[in-house]
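Letters A, B, C and D mark the chains in the order given here, with residues in each chain numbered from 1 onward.
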Amino acid sequence: MRTFECDYTEGAHPKILEALTRTNLEQMSGYGFDPYTARAAEKIKAACGAPDATVTFLVGGTQTNRIALDLLLAPYEGVLTPDTGHINVHEAGAIESAGHKVIALKQTDGILEIDALEAYLSAFYADATYEHMVQPGAVYLTHPTEYGTLYSKEQLKRVRALCDAYGMRLYVDGARLGYALGCPQNDLTLIDLAALTDAFSIGGTKLGALCGEALVFPKKAPNMLMTQIKRQGGLLAKGRVLGVQFDTLFTDGLYDAIGREAIRHAGRIRAILTEKGYPLAWDSPTNQQFVLINDAEADALSKHVGFDRWGRTKAGLWIARFTASWSTTDADVDALQAALPAKNALCRQEKSV
Amino acid sequence: MRTFECDYTEGAHPKILEALTRTNLEQMSGYGFDPYTARAAEKIKAACGAPDATVTFLVGGTQTNRIALDLLLAPYEGVLTPDTGHINVHEAGAIESAGHKVIALKQTDGILEIDALEAYLSAFYADATYEHMVQPGAVYLTHPTEYGTLYSKEQLKRVRALCDAYGMRLYVDGARLGYALGCPQNDLTLIDLAALTDAFSIGGTKLGALCGEALVFPKKAPNMLMTQIKRQGGLLAKGRVLGVQFDTLFTDGLYDAIGREAIRHAGRIRAILTEKGYPLAWDSPTNQQFVLINDAEADALSKHVGFDRWGRTKAGLWIARFTASWSTTDADVDALQAALPAKNALCRQEKSV
Amino acid sequence: MRTFECDYTEGAHPKILEALTRTNLEQMSGYGFDPYTARAAEKIKAACGAPDATVTFLVGGTQTNRIALDLLLAPYEGVLTPDTGHINVHEAGAIESAGHKVIALKQTDGILEIDALEAYLSAFYADATYEHMVQPGAVYLTHPTEYGTLYSKEQLKRVRALCDAYGMRLYVDGARLGYALGCPQNDLTLIDLAALTDAFSIGGTKLGALCGEALVFPKKAPNMLMTQIKRQGGLLAKGRVLGVQFDTLFTDGLYDAIGREAIRHAGRIRAILTEKGYPLAWDSPTNQQFVLINDAEADALSKHVGFDRWGRTKAGLWIARFTASWSTTDADVDALQAALPAKNALCRQEKSV
Amino acid sequence: MRTFECDYTEGAHPKILEALTRTNLEQMSGYGFDPYTARAAEKIKAACGAPDATVTFLVGGTQTNRIALDLLLAPYEGVLTPDTGHINVHEAGAIESAGHKVIALKQTDGILEIDALEAYLSAFYADATYEHMVQPGAVYLTHPTEYGTLYSKEQLKRVRALCDAYGMRLYVDGARLGYALGCPQNDLTLIDLAALTDAFSIGGTKLGALCGEALVFPKKAPNMLMTQIKRQGGLLAKGRVLGVQFDTLFTDGLYDAIGREAIRHAGRIRAILTEKGYPLAWDSPTNQQFVLINDAEADALSKHVGFDRWGRTKAGLWIARFTASWSTTDADVDALQAALPAKNALCRQEKSV
C-alpha cells in the first residue's frame, strides 16, 4: 500500500544516487574540502545572488537549527518562534540543550502573528525588569511552515524590520524550502531570503537527498565555522556526500523542478481529497495537505491508503496529513484517486465489511 | 520616604546579625562542615518531620532553583511551570542555561491550572511523536506564588498525584515560604511540603537573612551533592554564613514569627489601601498586596510612598505592589496610613500642587 | 597521483552503494524504524554475542563519542582518556560542550598507561578534597588507537577491573574498529568488547560507509535513547541510510573482509616503506603506517605520492602517515612500490631535478 | 586548639561586621543598585587607576571564575592554565560545565611556565588540523598562586604579549590578591593588573569578608553583564551585602593593611617552622607556608596545632600548610611558637606520651 505519510519515506532522487555513484572512487579531501562541496556552495551563492555568503552543509534539520541559532545568538539570548515552530515542539529541546530559551509566540496556521511579535518586543523593553529576563536575540520562522503555509515577502520584510529595530537576527528554517519555491503562491525567492535573513537553511532531506541541509549565512560569516560545527558533532568526515548531493540539486534547476513537480502532485491530491468530501483543516498551498476525519474514519481510511495522523483538533478530530514529495509519481496519485473512498462512504463501507 | 516596594530592601533581622557577630571569631571548617550548618539542617529536618531529609544551604533563589531542578531532572527532561513562574520569567534563562526546557502552562493569579497540567500530560503521551519532544520531568510551583497567592493542600496533593502518575518530580520554590507559613489561610505546612515534594526551598533572603535559601530533599538525597553545587558555582567557602543564619531562623520559632508578623502588617496595609479606595488587583493573602492605578495616579502616589510598579494589566493600568516584610514595623504602617492619599484625591491633589 | 593520506578519501564500498540503490524507492518509516535498521541491529547483536544489547546508528564519530559519553556520564562526571585520545585533541571540545571534563592521562604510542590510570584513581580518592574535583565517571579508549596500535584483551580486562573497582563505565571508540578486527595481532573480538565495555562504537565511515557509526550498549540500554539523540542533533530522518549500510557491512562477513584486506595492503605498504629505508615512527599493526622524515624529505616525497603530515616529533621530524583502507587495491600498492623513491635518494633526486 | 589550616576559618573582619550592622536598616534597592555598591566600585576603579573599568561583585571564587571566563570566551574557545590552576583542579568542572575546555600547561611551584605557553601556541597554529581543536581563547593565572608564589610584572607582561600576539584574553584569579599586594616581594599592583589583564578578581572571602569577590573588567565592559550573572545564578538580591563589605575593605586602606599584617604573621610562622627544623616545601612569600613532614610526624603534629594536609609529594611526604590570614593575631603566632615541637622531637615526644 502506497503511503503519503511524509516526504522522507524513500531514499534519494535518482540523479543524486547516480552522482554519488559516478564520483564514488574519486579521491578527495575530507571535511568539505572537496571540489563538489565548493561547487555546490558556489551554485547556491549564485542562486541566492549573494556572492559574499558563507554556505556550509550539514546532515540533518535539527542539527542545522541548533548550530545556526547557537552561532547567531549570544549565550544569554533566546529565540522567538511561533509556538508551532519545529524548534519549540519536535526537536527534543535541542536549542535549550545549547543553553538558549525558546520563547513561543502566537501563530495562525503556523504563521507567526507579527502583531504578537511586535507587542512582545515592545512590552519587553518597557518592562523595568527586562535585564532579569532572557534577551530576545533572534526570530525563527519556517518556510513553508509546519502547516504547509507560506509567509509573504511583505510579512518577512515586516519581521526583518522588527529585527532591525530591536537588534535581533532573523533565521528561516527551510527544511521544506523547495516546496515553497515550487509553489505559485510563493513570492519569496532565494534572493529575498538572502537579502532579508541573517541565516537560512535549504532543506535537502525532504527534497530528494539521502540527507543534508545547506546552511547559508548571506552576510556575516560566523567565526571559526568549521570548529563550531565540529564541536557540536555536525562535521562530516566525507563532506563530499553532502557536496555531491547539493551540487546535483543545484545543477540544471533540479531543486526547483523537484519542488514544482511535487506541488503539482499535491494540487491533485488536494483536489481528490476535496472532491471525495474530506474537509481541509486549513489552506496549505504546498506539498502537505491536511484534512479532518474522526477516529472511526481514520481507522477505516488506514485500510486504503497510508497517511499521517498528524495531530488532533481541540474538538478531537484527527488532522490527517497527505504529503507529496520528490518521489511522488502520477501513478501514485492515480492510485490514490482509485483507492480513496468518499469520506461519507468510509464508515458505511467499514460496517459492511 | 519609607518604601514598600519589596521584601529585600533592608539587611538582616537583628537576631541574625547578632548571631553572626557572636560566632564571628570561632574557627570552623569551611564549605558547610561547621556545627551551625549541621544544627540548622537538623532543626529544619525536625520542623519538616523528615529525619532522612538532605538539607543544604545556598546563597540565592535563582541559584537554588537552577541547582535543584538540574539535580531532579535527567538532561533530556524539561520542567512544567505556570507561565508566571519565576523560572520562566525572571531568571534570565538560568534553567535553559543548564540545558532544560521550561514548559509554560496556564495559571490563574499565579496558581497553576491543574486541569491544564493534566491535559498537557495526557495529550503528550497520546501523541505518537512524543519521543521527539522534551520529556516532562518535573513540575515547578512557587508557594506563595509570584502573585502572593497560595496553593491549598488539596491542590498540591493533586499535582503530586499527577507527578506520580507520569513519573515526574515535584519541586516547590519557597523563596517567600515564611509568608505562607505565617498566613492563616495557608494549610500547607513544612511537614506537608516534605511529604508531597521531591525538593523544596525555604527562603531566607526575603525572610530576614542577609542571603540564603535552604534546599530540602525530603526523601532521596542527590548523588555527590557538594560536588554538583560546586560545579554550578554555588558552594560557599564560609558555609557558616548560611548555617548561622538558618540556625537562628529556626531557633525559638523565629522563622514562623517573622512570617506571622509580616502577614499582620500586610493585613493592615491591605485594609488601608482598600479603605482609601485602591482596588485590589486580585486577592493575595500573603505579604504582597497589589492594587490597580493609572499612570497619573502612579506618578502622583510615588511622591507619597515607595511602592513597586510591578506590572501592567492588559488594559494598561499599573499593578502597584506594596510589600510587608520581616523589617516592617507598626510605625511604618502607621506612616503609610498617614501619608497615603485617598485614591480619588491623588490627581486632584497633584493638580493643586 | 594516488594519495594514502587517510582512510576516508573515497565514497563507499560498491556493495553499499548497490544496496542503497537497490532499496532506494522502497517506502519506509523514518528515524530508524525501518526493516534494514532493525536487521542491521540484529546482525550486530549476533556478531557481539549480545542479544540484549541496544544498537543505534549515528552519522559521525565525534557525534557518536559525544552522545555515548553524555549518556554514560552523570552531568558532574568527567572522562579519563589517554592524552592522545581523539576526544582530547581533535573533537573541538565536543565533550566539554556537553559539560564534561576530559581528563588526560599518560600513554605510550596511543595506548593508555594503565599504571597511570590506577595511580590517578588511587590518588584521587585518597585526596581529602576529592569532592571538589570532577568525578571520574568513565574511561575512554580507542581501538585501534590514533597511533594504529592495539590494546590486548589482557589490557582491556585490567581497565575493566579498574572501572569496576571505582564505579566507572568503559567506552571504546571503534572509529577504525574493522582494522583491528582484521589484524592478526588483535585478540579483542566484538564479543570481548561487548563483554568488557559499557558501550563501544563500530566505525563505518572509515570502513567503507558513506557515513555512519554503530553505537552498541551491550548491557544497559540508556533511557529515552532516541530523544537523547535527537536533542543532540544526531537523529537522521532517513535512518535507512545508516541501516542499509550497516546491514550490508554485516552481511556475509563484509566488515571483517574489508578489515582483513586493508591490513594485508598495509602490511605491503609497511614492507615497501621499510625496504626503501623509511624508519617506522613506531610499530603499528593496523591500517595506518607512520614513518619519520625531515622537512626536505617531506617536500620531495610529496611530489611522488600523497601522504599525511600527521605530526611532528619533539626533535622536529615529520611523522608521515600512509593509510590503507577498504578502497585500497593491489594496483594502488604496486603503484606506490613503483613511485616511492628510496629515502636516501629523496633529496639527492630532488637536487638533480 | 588554634588552627592555621586555611584563611577562611573565621567570619568577617570586625570593621565589616560593624558596617553591615550600621547600615542594616537603611532601605536600598536590590541587585547592586545601592549606594554602597556604587561607592565600592568607584573606590576600586580609583585604586586600579581605571576610571572606565566595570566592577561587579559576586559571592564566591568558583562562581567568579566561571562567570568571568564564560564572558571572556567565545563558546568554542578554551582556557589555558597552569595544571595546578584552581579551575583545573578544585572547581568540580565548573568551567567545563559552561562548555569550555580547560587546557593544562606546565608550571613550577604554581607559576605557569611561560616557555611552555609559547611553545603550545606556536605548535597549535603550526598544526594543519588546528581548526579541529579547541581554540585557545584566554590564559588563566592565579596571583598569588595556589602555592603561595607570585608572578613578577615582567612575567605578566610576557604573558600579556603572548595574549596579544595570539588574540587571547588574560584573566587573573585574585582570590588571595590582598596577600600578594601586602607582600614586599610583589611588584604587581592593582594598576598593573588593570593595565595588563582583560579581567581580574579581587578576593574578599579570604581577606576578611563574609563572602564576596570583586570582578574587574578594566577595559571592555561585557554585554548585558547583570543578565549574564543572573543567568548563571550569581546575582544577589541584597547586593548591598557585597557592596558594604567591599566599600569597607577599600576605605582607609583596609584591604592593603589586612594583606600586610597577614604577611607579617606569615613571616613569623615561616621563621618558627624553619627554626624548629621543618623544611619548606618551596619558597612562598605570601600568607601560606608549606613544609614537608612524614605520616608519623603529621599525626604527631596534629595533636599540637591545626594545619592542612595540603597534598603529597611524589616521594610520599605530606605537604603541610600553615596559613596566616586577616584574623591571625600576634597571640596566635606566639601560641604557635610555644606549642610547636621541634620536628626532630615530634615522634620522640609521641613515643614518650
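A few notes on this one:
Note that in this section a residue touches a chain if its C-beta (ideal position, glycine included) is under 8 Å from a C-beta of that chain, and two chains touch if they have at least 3 such contacts.
Because the structure is a prediction, the values reported are computed rather than measured.
Farthest from subunit B in terms of Cα centroid separation is C. In terms of C-beta pairs in contact, B-D outnumbers the other of B-D and B-C. The distance from the centre of subunit B to the centre of subunit C, with each centre set as the mean of the Cα atoms, comes to 51 Å. Mean C-alpha position of subunit C lies 42 Å from that of subunit D. If each chain is reduced to the centroid of its CA atoms, subunit B and subunit D end up 34 Å from each other. The set of subunit A residues that touch two or more partner chains comprises 75-76, 91-93, 97, 99, 131-134, 227-228, 230-231.
Interface of subunit C with subunit B (complex): residues 70, 74-76, 99, 131-135, 223-224, 226-228, 230-231.
The touching residues of subunit B, when paired with subunit D in their complex, are 2-3, 6, 8-12, 14, 17, 20-21, 23-30, 59-63, 66-67, 91-94, 97, 205-206, 210-211, 227-228, 230-238, 240-241, 306, 327. Subunit B meets subunit A in the complex at residues 75-76, 78, 89-93, 96-97, 99-102, 104, 123, 126-129, 131-134, 309, 311-312.
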